[in-house]
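Presented below are the structures under discussion, each in the form of structure tokens.
Shared chain: chain A. Partners: chain B in the first complex, chain C in the second.
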Partner chain A sequence: MSLPTVAFVLGLLIIPLAVTSMAWQKIIIIACIFAFLALSFDFLAHFVGIVCLGGAFFTGVGGYISGLLNSAFGLPLVITIPIATIGGGVICTLFLLPCLPMRGIYFAIVSLMYPLLFARVIQALNIFGGTDGLPGLATFPNIWVELYLILPLILILTFGLRRLVNEDFGMVLRAIKDNDQAVKASNINITWFKMKAVFLAAAIGCFSGAYLTHLYGWVGISLFALDFSIFPIAATVVGGVGTLVGPVIGALILTLFSEMLREFGPLRVVFYSLILAGLVILNTGGLVPYLQRKYHQFERWIEI
Partner chain B sequence: MNIFIFGLVNSVILALIASGFALVYGVSRLANFAHGALYILVGFATWLFLNRLGINYIGSIFLSIVIVSIIGGAIYRFFLIRVKGMPASEIIASLSIGIAIMELFRWRGFIGEAYMLPPFVTGSVSIAGVMIDWQRLIIIGIGLAMMLSLWLFTHHTKVGLSLRAIAQDKRASMMSGIDPDRTAVIGLAMGSALAGVAAVVILPLGSITVETGYMVLTDAIAVCIIGGLGSWMGVLAGAFLLGFSQILATAFIGPHWQMVVVLLFIILTLILKPSGLLGRQKELEERV
Partner chain C sequence: MNKDVILQVKGVSKSFGGVKAINHVSFDLLKGQILGIIGPNGSGKTTLVNLITGFVKADSGLIFSEGKKLIGLPPYKIAGLGIVRTFQIPRPYHSLSAMKNLVVPLYSSRIVRTIGGKLGDRDTVALDILEEVGFERDAHIPYKHASAFPEGFLKRLELARCLALRPHVIIMDELFSGLSVSEITAMIPIIEKLQMNGMTLIMVEHRVRELFQIAHRVMVMNFGEKIAEDVPDEIIKSEIVKQAYMGVT
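Let's look at the complex of A and B:
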């Protein structure tokens, strides 16, 4: 393992011990939840070529599934979170399936619309607790469980996805991104592969939604809020697109930044969107590619 | 008769909302996700001019539409032009600009019932036994007039013809000396102005809220997907299909089912005919 990898792994595992107050530990958990969503966005956007603006759709579906299972059947969270992850992934994939055979902007448009529509459907039909949501769900026993459940998972996911995109499966996905006609000419079913990739990303998103539900012990239509769509994209662009480590670091940085802006309240969303627009328009590579470049310069630097 | 009249009103509202989005997408293949933000921007600007600066109603309407079309053109000229040709970046950039505008209004406290535009003519009239207020009739009138003038504009003026030329064949029109960037700026300015016209006509029916912006965006996109992205007649067809089925759902199932109808229509369109009702020419290109 190279030095940056060790630094990343150890840093991520040590952060919760380094901060003293419980409030900051909670903030780290929120950052990790956004890191999951950012990972799922980065994976879809830069390795499969699908722009997904619906992080909120995944968190909402995952959160509602685990919340409903917990409140209606009284299942403990050890069971509801895995069911929400897998089941939510399947449901999200089925809903997004119609736009998978299409090129262009359909996926982005439809995935942006789903959370907005679902929130309004739940509100209008007054199902699943309506506007008030479902309170009083099971929570984790203590903060250390919360922290050391999610941090190793982030590491596993980051390195797992990095390995996956270099396996045969990942090769096909990246080929679909670069030239879908050529992949089709090789007698590979593009939609099937895209479906598997979307399932993976949706399951990651649903896990973070389910986790958030049990973190607060409450589920409501705020899980479909636009923050869950826009914040992870901003984190990915800040950290570095197409690196898979970048989104995690970007999520940590942006969450820290957003805590410092806490007194501005709703204005924070304006800040994220302006940062996002600025970085996308200026087409900066992001933090991690910059650091990578500097590290390699440093590594090859020989004293004469 | 009730269903027919209110369905007609609803369809014209949807067509008005979607025409700006469809124009921008048709001209420059740019999905303008700031559409909803521009829509409420006009509403708030008109309200501000009317109530804070004391300009008369017609004057403030014209002023805010002009301002928003300048803003729309500027968004393209200074921001979106840099990411032209990268669909992912275009979408993310325009969406984040739109969210920034809308959330800025939320922060400034533009929430609640207090922000309302007065209707053009108060009172109501009875047509074939159905009571309908004048504002809704004005919406139908202005909507139809807009469609007609847009048709005349795009078929009989030089600028309009160049917009259509760019939409049909970019390379050939560039060879005939049409500047695609200039055309796209005009297109986005006009799209914003159309959003503005829709806003000042429709907003007197209810109050101005930030949520309206998101709702307008989803409605516009839904109409465009159902009718076929980038197709003019498709917008009309999609608006009428969606408008009448929303009213039918309200009448026979319940008022809350409008959203479910929208969702259902989008999914059905994408499964059965992904290019939309009337979007023929791009069928091969869009499908992998």
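Let's look at the complex of A and C:
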């Protein structure tokens, strides 16, 4: 393992020990949830060429599935979270299936429309607890379980996805992004491959929704909030598109940053937006690619 | 039906808006032959290729390959039957190395179905195929990103992608266009070798001189219609072809 990898793994695992207050530990958990969504976005956008703003859709579906299973059947969270992950992934994929032949902005619009639609349906029909949501759901036993369940999962997912995109299966996905016509001419059913990729991304998002549900012990239409779609994109831009590690770091930085700006009150969003706009306009290419460049420079650096 | 016919096109038509891109074109492709298709720009050559390979849906007509109806099948299924094509403008996977470009067709269901577990490591097979089209194994070329390749290499990569699918029929859409004479001279032996190994080829070309050296039959198109089909020597003599194609009156 190389030095940056070790630093990333250890850094992620010891952050919770480094902060003192419970409030900050909670913030780290929220950052991790956004890291999941950012990973899912980066995977689809950079390796499959699908710009998916479905983060809110995934968290909402995952959250409601695990919330309903818990409140209606009293299933414990060790069962509801896996079911919500897989089942939610399947449901989201089925909903997104008709838009798979679409590319670029069209897919993005549809994926952004679903969370709005679902939230309104729940509100209007007053199902699943309506606007109040479903309170009193099962929660994790303590904060250390919460932390050390999600942190190793992020590591597994980051390195797992990185491995996947370099496998032969990942090559097909990347080829679809580069040139889908040529993939069609190579006897490959691109819809089937895109479907598998969307399922994977949706399952990741649904997991974060289910996790969030049990973190709060409550599920409501705020799980369909567009923050879950937009924030991961910001995190990916900050961390570096297509690096997979970048979005995780980006999500951590942005969440912590957003908390630190809290004392500015209403001005917080202004500073936050300015910084984001600056990063995009200056076209920094992301933190991780920058660090990678510097690291490779120093690696070849010889003292004379 | 003649047993040696590997691809049969019967009265195929296609219009885009009011323009008849292809008007009742029929031809038979015999196993092991090289069929050249020539014609002025806009005469419907590429549309014909798109129709056969399923990238464009025909308005009417029939296309058969070994008893199977091709019209209505999606492109990936037609490729799965062993009828593969190159693109006029090369379509490489820019972010992948040349070798990984070939991993994609090697992952196709056709290859998995026919060779299955005996394929071995896809990277190694990819290197073998690249060598076949003239990429030296020991050089850096197979490991370079396709985005760094000049046109000539991209055309070879197109051909390699087809070969990776172990096809019966390769349809080459202007494989020689944009290449220098020396590059073409280097490609011709590759194509001749393919033909000698029993491959059937359709070559859509503007490079008439080179095409007539290797083609068994040549079909001439103009304004979406087939105006002649014969052996190359007869095509050169034909008045109607001279008029349509070479602009000689």
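Note that in this section the second predicted complex is superposed on the first by the 282 of 304 C-alpha atoms of A that agree within 3 Å, B and C clash if a C-alpha of one lies under 4 Å from a C-alpha of the other, contacts with A are read in each partner's own complex, and residues count from 1 in each chain.
Rule of thumb we're sticking to: contacts are C-beta pairs under 8 Å (C-beta built on N, C-alpha and C of every residue); 3 or more make two chains touch, one makes a residue touch a chain.
Nothing here was measured: the structure is a model prediction, and the numbers come from that model.
Novice: Touching A:Arg120, do we find chain B (first), chain C (second), both, or neither?
Specialist: Only chain B; A:Arg120 stays clear of chain C.
Novice: Who does A:Ser2 touch here: chain B (first), chain C (second), both, or neither?
Specialist: It touches nothing on chain B or chain C.
Novice: Classify the contacts of A:Phe169 with the two partner chains as first (chain B alone), second (chain C alone), both, or neither.
Specialist: After superposition on chain A, A:Phe169 lies in contact with chain C alone.
Novice: Between chain C and chain B, which one touches more residues of chain A when both complexes sit on the common chain A?
Specialist: The partner with more contacted residues on chain A is B.
Novice: Pick one for A:Leu276: touches chain B only (first), chain C only (second), both, or neither.
Specialist: Touch partner of A:Leu276: chain B, not chain C.
Novice: Of the partners chain B and chain C, which touch A:Lys184 in the superposed model: first, second, both, neither?
Specialist: After superposing on A, A:Lys184 lies in contact with both chain B and chain C.
Novice: For A:Ser21 in the superposed arrangement: first (chain B), second (chain C), both or neither?
Specialist: Neither chain B nor chain C is touched by A:Ser21.
Novice: Have a look at where A:Gln297 lands relative to chain B and chain C in the superposition and call it first, second, both or neither.
Specialist: A:Gln297 sits against neither chain B nor chain C.
Novice: What part of chain A is shared between its chain B contacts and its chain C contacts?
Specialist: 181, 184, 190
Novice: Chain A touches which residues of chain B in the complex?
Specialist: Residues 31, 33, 79-80, 82-83, 87-89, 91-93, 95-97, 99-100, 103-104, 106-107, 214-215, 218, 221-222, 225, 256-260, 262-263, 266-267, 270-271, 274, 285-288.
Novice: Considering only the defined contacts, which chain A positions touch chain B in the complex?
Specialist: Going by the criterion above, the answer is residues 45, 51, 53, 95, 98-99, 101-106, 108-110, 112-113, 116-117, 120-121, 124-126, 180-181, 184, 190-191, 226, 230, 233-234, 237, 264-267, 269-270, 272-274, 276-277, 280-283.
Novice: Flag every residue of chain A that touches chain C in the complex, lowest number first.
Specialist: Touching chain C: residues 168-169, 171-172, 174-175, 177-179, 181-190 of chain A.
Novice: How about chain C: which of its residues touch chain A in the complex?
Specialist: 53, 55, 74-77, 79-80, 84-85, 87, 91-96, 100-101, 103-111, 122, 161, 164-165
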